[in-house]
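Chain IDs A, B, C and D follow the sequence of writing; residue 1 opens each chain.
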Amino acid sequence: MPNALEAKPLIKPVSMITGAAWGLLKRPTLPSGTNGMVVVAAGLALLLITVALLAPVLAPFDPDQQKLLARLKPPVGFERANLTYLLGTDQLGRDLLSRCLYGLRLTLALALLGTLVGLVIGVGLGLAAGLLGGVVDAVIMGLVDIKLSLPFTLVALLVIALAGTDIAVLIGVLGIAYWAHFTRLVRAQVLSLRELPYVEAARASGGSGWRIATTHMLPNIISPILVMMSLNFSNLILLESSLSFLGLGVQPPTATLGSMVGQGRDYMASAPWIVAVPALLIVLVSLAAMLMGDFLRDRFDVRLRER
Amino acid sequence: MTAQSMKTLLAAALTTTALVSSVGAQELKVGVQNMAPWLDPGRDFSNVGSQFYFNTFDPMIGKDHTKVESVWEPGLATSWKQTSPTAIELKIRQGVTFHNGDPMTVEDVVFSLDRIINATFPPYTVRQRDTLPNMAKVEAVDAETIRVTAKKPEPLFETLLNVQQTMIVPKKYIMGLTGDPAVAEPSDFEAFALKPVGTGPYKIVEFVPNQKLVYERFDRFWGAKAPFQRVVVQRIPELSSRITALKNGEADLITNVPPDQLDIIAGDGKLKVEGMQTPLFHVVIFNTQNPKMADKRLRQALSYAIDRRMLNEALWSGKAKVPTSHTFEQFGALYMPELNTFEYNPEKAKQLLKEAGYDGFPIRYDIQAAYYTNGLLAAQAIREMWAEVGVKMEINVTEQWTGSDPTMMARGWSNPMYFPDPAGSFGIMWAPTGNSATEGRFRPDATYAEIWDRFRFSTDLVARKRAFAELMQAIKNDPPVLPLYQPYESYGLKQTISWRPLPGHIPYVLDFRAGRIATASN
Amino acid sequence: MVEFLVARVLRVVVTLWAIISLVFIATRLTGNPIDFLMPEGLDAQSRQEMIAYWGLDRPTLEQYLLFWRSLMTGDFGLGLMERRPVAAIFGERLGQSASLLLATLALTVAVGVPAGIAAAIWRRSIRGTAVLVVAFLGYAIPNFVLAILLVLIFSLSLHWLPSAGSASLTHYVMPTIALSAYFVAGLTRYTRDAMLDVLSQDYMRTARAKGLSEAAVVLRHGLRNALIPVVTVLGLQITTLVSGAVVIETVFAWHGVGDLLVGATLRRDYPVLQFGVLVVAGAVVVVNIAVDLAYAAIDPRVRLAGA
Amino acid sequence: MTPLLAIDRLSVDFRSQGRPVSAVKNLSLSIQPGEAVAIVGESGSGKSVTALSVMRLIEREGGIISRGAIRLRERNEVHDLLQLPEAQMRRIRGNVVSMIFQEPMTCLNPVMTIGQQLAEVLMLHEGLARGAAYAAAQHMLDRVRLSDAAGRLKQYPHELSGGMRQRVMIAMALLCRPQLLIADEPTTALDVTVQAQILGLIRELQRELGMAVLFISHDLGVVAEVAERVVVMRQGESIEENASVELYARPQQKYTKALIAAVPRLGAERAPETVPDQKPVLTVEGLVKRFPVRKGPLKKLVGHVHAVENVSFEIRAGETLALVGESGCGKSTTGRALMKLIEPTSGSITIAGQDVTHLPRSAMQTVRRNVQMIFQDPYASLNPRLSALDLVTEPLIIHEPQMTREERRARASALLRQVGLDDEHLDRYPHQFSGGQRQRLCIARALCLKPQLIVADEPVSALDVSVQAQVLDLMRDLQRELGLAYLFISHDMGVVERMSHRVAVMYLGQIVEIGPAGAVLGSPRHPYTRRLLASVPIPDPSRRSRAITLDDGELPSPVRRLGDDPSTPPLVPVGPAHFVQNSSNFSADPYTQGSLPQPAILTVEQCC
């Protein structure tokens, strides 16, 4: 009969992986009472993704198509509104609803791909540092030091200056924004997992380094990685908008939520709807991402599932 | 935080009791989009710096800036007379004092002009080439007279002795700034640009590069005393913040208000908007030497495809001016709106494209993100207009000057009027020795050069007019440039302040001299 | 302690060297400053003369060696744009940036830590969820949107606060809030999780078993333990803070380093950029050492070892 | 006489997935002033819940006191603690009733000095000023016989050993001279010699101060040492209560009998007979393992942790050699070195006739078939993400990759049956097993390749006594069936006695005594062995009167300066196959000179 006290040892392996890294992963934890919130977030995430995928179907107009004489029309319900444009038009007379839909789509894609790039680089280096140790570890951690001492804005500026403002470059830029976080996380996890009896048991059984890394380590750091991915995802959404603020985001006229907000910010007083809807979408997306990360962790963490 | 900055902070906290202070007649607060990195009228050519020089420096020959056309007035020269087609003699004003207390002498004047005309300091050399290439030397005739000699006959002596680049600076002060006080070293000029001293009605008491400029009334100014005891110019780059600063009383006057925002200011009973079609063209330039852009029919088509009236309606609420040719009203007799160099004709554009065999390759259009008001918006609108005739444009937002980049295809740019003559606007940019030609994106032929010489150095006005018309025809035929419009430059200010931009100035000048600005008595 | 510092400084020197070299090379690959500093264009000959005047016509390697030589003598060169010693340029702005960052840090800690504690203590109630949701929102809004929103509300509409500049303490209010929002959110989450971790520790039960009041238990016994991970996180936020400051400085016309650095990068103002990177990386290093010292001060188990 | 504490029909529930689960059911219990009462039970029996209910701390852990009363007499007043407002309750905690806990390592606040943590209590309850509180605290530390009390006040918990910390905990609990001390498994986490010290201390202080003690333990042996009356709890209920002498002599309930039977009784059970001579499966010669201690930015080598120092022994097929000693003595390091989980510094290891000392990793594959390992913590030694099937057959995946999944499944099901589990367990994950079952899984995994030798590192120390017995029985059965040899690493003398043919006692990295189990445990020759055996609690209250004459000393540190290598006196025979190290090395303290502080741990690990 499990009671709370007896259940305690179940958490032991978790607390053994304490260390600051694990602490960090636990950060986005929500109180158990907020399960409802997570459900809402999951629904929201699903809705946003669906809407984004269906953008070409849902959007009434080409997102880049201008109607210069119908500039700055407010959304339906306001004075001067034009019923053709449900959410109004922007500074070039483009349909905001269509731009929001396509912008959401591209933003999600950028953040996702950026996250994946960061993930691949970060996890790879983290595993290498943690498993190989020695000089490799020193060099990788040196790179991490460098990365963490440079303000990212500067790095982004330089990379864009070097490689141009292609979408692919932008994804790369977003990708290198947080690789070091993954690296540190994975390395710390590997180092603490390495001491765990079951890893030791696998070594005692003669398991190769590769097998230990893939079978015993990776699956056990997936949940922290997932949580960090979700955090990362929402950070990238914000980062993309910051880059747009500095004029470094995606090239006009292509719409992303960030570029819509960044380029529309001058109109916040005179035509606030230009910024309001994409800004709201940014908030929703990043909120949903953070909450989803939490949800995913609970979902995938075998240890936590039945508690 | 250092103890010092802590102290400053506390002091600031104690002194700021009222957040929203009223306009004291003694102080004017100005919010600008950009502040200059240094201030030296002689080497400056930028839209940012030109805002600030007129309050602090004087040229030899003055001008009535309320008039559109050039009406010369005595400046630091009380009188002048052209002694030959290549020489002019000027009597310098007596009793003029620099802000540092030194009297202005003929030495200073010669030094000021000579530092440009016979420049050794590279930043001055640049200006010598684009503004004063025809000047040969400057010398003191006696203690009150100087003589300027030109290489070829010079029809524009007055104009050139009025430009910002020939404003008078103190010789002794500059030479004494660094190193040997008897020699003008480059470091002297660099130091001067951070601690500028002139003869104008306002002296600069504080200058924080890229951030802040404080003028104070100069009581020993030779002319009418400045209306304000203090003028504080503060950089507020973000538009929303700049407008807010005005509405919030943190600024009495703000610059660079795009047309879309005018209603917000005009709708406030305490505020108003002033503006003017500024003598500057936003232009599209082409790299005629890029193999892809070599066919002049392609460039003609791109020019015909842009509906500039539409751009004006949409982006400038119709307030900007769509030109027919590369010409400004300020040119006076040389203003030639009758030339029909640039026009909108999409059908013709399509036809030309067909003739040129345009195969749909994308045209890269370089543009800075925020340097030109509405620049990025215009680029996107032009993209649509080109698309209408079947041309694909890729916008490339970059802070880099790509004018000398062989891969450049098209680019947004501006052609300001540096001085009121076609030579001071079109000429600076498109002369056979101008930067467009030397940077290699514009290759005028010998005929063009010959027409140019006729235009530039004829002392006969009619000959100059005719030559300019020929130049425009050449441009129309093989276009390297397309003026979009003269932007309507707007300023937001308090109702209580009477000030407006004057047509006689070059673009962006903030003229706070006596008679040009006043506060209502409240 | 001395050993710790020596080891740290050694590592720092290597890191800084790598960073500066990277920046040096990257900037020189991305175009000539002349093309960024003279947007109005130049005739070809003048262009060459200006390049020569700025010393940029010399071979890159020579420039690189020269740069290090002058660095050794404490000469950091002249900014290309402002034409004055970069040390002076930074001297003018460092105080401004530092005071804004300190204010932000202070506000972040002053709000984030109590909010985190509250969220931990109220983890099962709606109040705790509310604290977290507010924190999440601060996290999810792009900071320039928040900044402009603040300006529009508190300056434009209410006329309560000045919108631009840094002349008085009231000028600090909005930039500090706008810059803090993201970090408060982060810190709240970190503190909450650290506190939750601490709340379940055995020594907290011991403290209660002594008869201590709940406040004494949480604040005296819990807080200091919870601060350990929190301090680490704060240290890591410092570069992010500099990046975030760029945007905030622009909106509030703040004469700070962030604005300078972005400008210098955009214009390829090498000397300013190089010095700036050095300053920021140096600051990061100093902060990290400070964090380690604080860490050691908070946690007696930590011994500063040469690492 | 009114009891000091009367628990009256107490019921405590926990909410698990929305359903209430009772942890304590209808428990009644009383304690007279000055009386020592013990609650005994295995994990989950509700004993700790009861203790925390008395302190009214159980609500914080999620418990709900659903029924009953807990009456505490304070002078002439009787409070029902369950009705008392929190403020009143706080006055009682640490003052009238105080409590010490199982884990002295984690129960002290790591960032406060000992002095702060002690003085705090006095300042709170007695209103003492700082100075006075510190003086009183120092006095109390003297009282619990902690050396250098004045210096300790300024130290932090991590600077003290486990035993010292438990002394601090006791001092803290006794500062206000409570009427009742609740001791919840106070010695479970301690080494046996330290346990004996602490038990002695509690007994002595109880007598001196005349306080009542509620002693909570899973270990009937420990309980026998302190309690006058024993309550046996099972699944939240009290099933038997009696004076301890009576209870041990004549247990009424079957469960109580089983519990008593499960306790190893040193000397009571005959060691298993020696097995006929076989070829040695494992031979260890002069094994040395040293860990470098480095300091400074250049990581200068300044000394070594002498974890294993010149250890030699052999194990024959079908034989169990126990490696006993206290924490830090090098027994686990020896085991890990044999497995080549760490590289030995010197010496030689021969497994099944093959010298593996310097075998490269790749060549270890075949050797590993012959030797497998079982770890202490069955919770941590199973990858939580693999099913029982994958866990048990993991060695097969490594060593016989050609095997199909069906074959592995068949093998796994056979293995599970062999260790007493069913096929239905195959697809379960570790968290769905109990501790004992998990250890069975670990054993199944170790058996998978049919090894000749299993290194079992504290295989039962994390398990309840009753489960311990089952696992030990299983291991012995398997040994008989399969002719396995065990290297059985343990600190628990009772378990060792039950399992092993031969015993090797380790102290500071060296084997100080080795020989047949009966001889070593029955007539120990080395003073350390004697001390170890004397410390083992005896589950017979009638024999409690024996004086524990242990000093309060601490184990010396195995860290030594560079060049200051310890001497390893040879083992001399004292009986048939019974060898002992010259004990002069032990009595003299060779470490005062060469001792270094603990290696500076690489701290300030940067995290993201």
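Operating definition for what follows: contacts are C-beta pairs under 8 Å (C-beta built on N, C-alpha and C of every residue); 3 or more make two chains touch, one makes a residue touch a chain.
If you're wondering where the values come from, they're calculated on a predicted model, not measured in any experiment.
Across the two interfaces under comparison, A-B and A-C, the one joined by more C-beta contacts turns out to be A-C.
Among the chains present, the centre nearest to the common Cα mean is that of C.
Note: centroid distance subunit B to subunit D, computed from Cα atoms, is 85 Å. Each chain gets a centre from the mean of its Cα atoms; for subunit A and subunit D, those two points are 45 Å apart. Subunit A and subunit C, compared by their mean Cα positions, are separated by 21 Å. Counting partner chains per residue, subunit A has residues 20, 23-24, 265, 268-269 touching two or more of them.
With touch defined as above, residues shared between interfaces to two or more other chains in subunit D number as follows: 606-608. Residue positions 240, 243-244 of subunit B are each in touch with at least two other chains. Chains that are in contact with each other form these pairs: A-B, A-C, A-D, B-C, C-D. Residue ranges of subunit C in contact with subunit D, taken from their complex: 3, 6-7, 10, 201-203, 205-213, 220-221, 224-225, 228-229, 232, 236, 288, 292, 295-296, 298-307.
Per the touch definition, subunit A reaches subunit D in the complex via residues 1-7, 9-10, 12-13, 16, 19-21, 23-24, 180-181, 184-185, 188, 196-208, 211, 215-216, 219-220, 302-303, 306. Considering their complex, residues 64-66, 68-69, 71-72, 91-93, 165, 247, 251-253, 263, 265-271 of subunit A touch subunit B.
Across the complex, subunit B is touched by residues 31, 34-36, 38-47, 49-50, 52-53, 78, 81-84, 89, 92, 95-96, 98-99, 102, 148, 151-152, 155-156, 159-165, 167-170, 250-253, 255, 260, 263, 266-267 of subunit C. Residues 11, 14-16, 18-19, 22-23, 26-27, 29-31, 119, 123-126, 128-129, 132-133, 136-137, 139-145, 148-149, 152, 156, 182, 189-190, 192-194, 196-197, 229, 232-233, 236, 239-240, 242-244, 246-247, 250, 258, 261-262, 265-266, 268, 273, 277, 280-281, 284-285 of subunit C touch subunit A in their complex.
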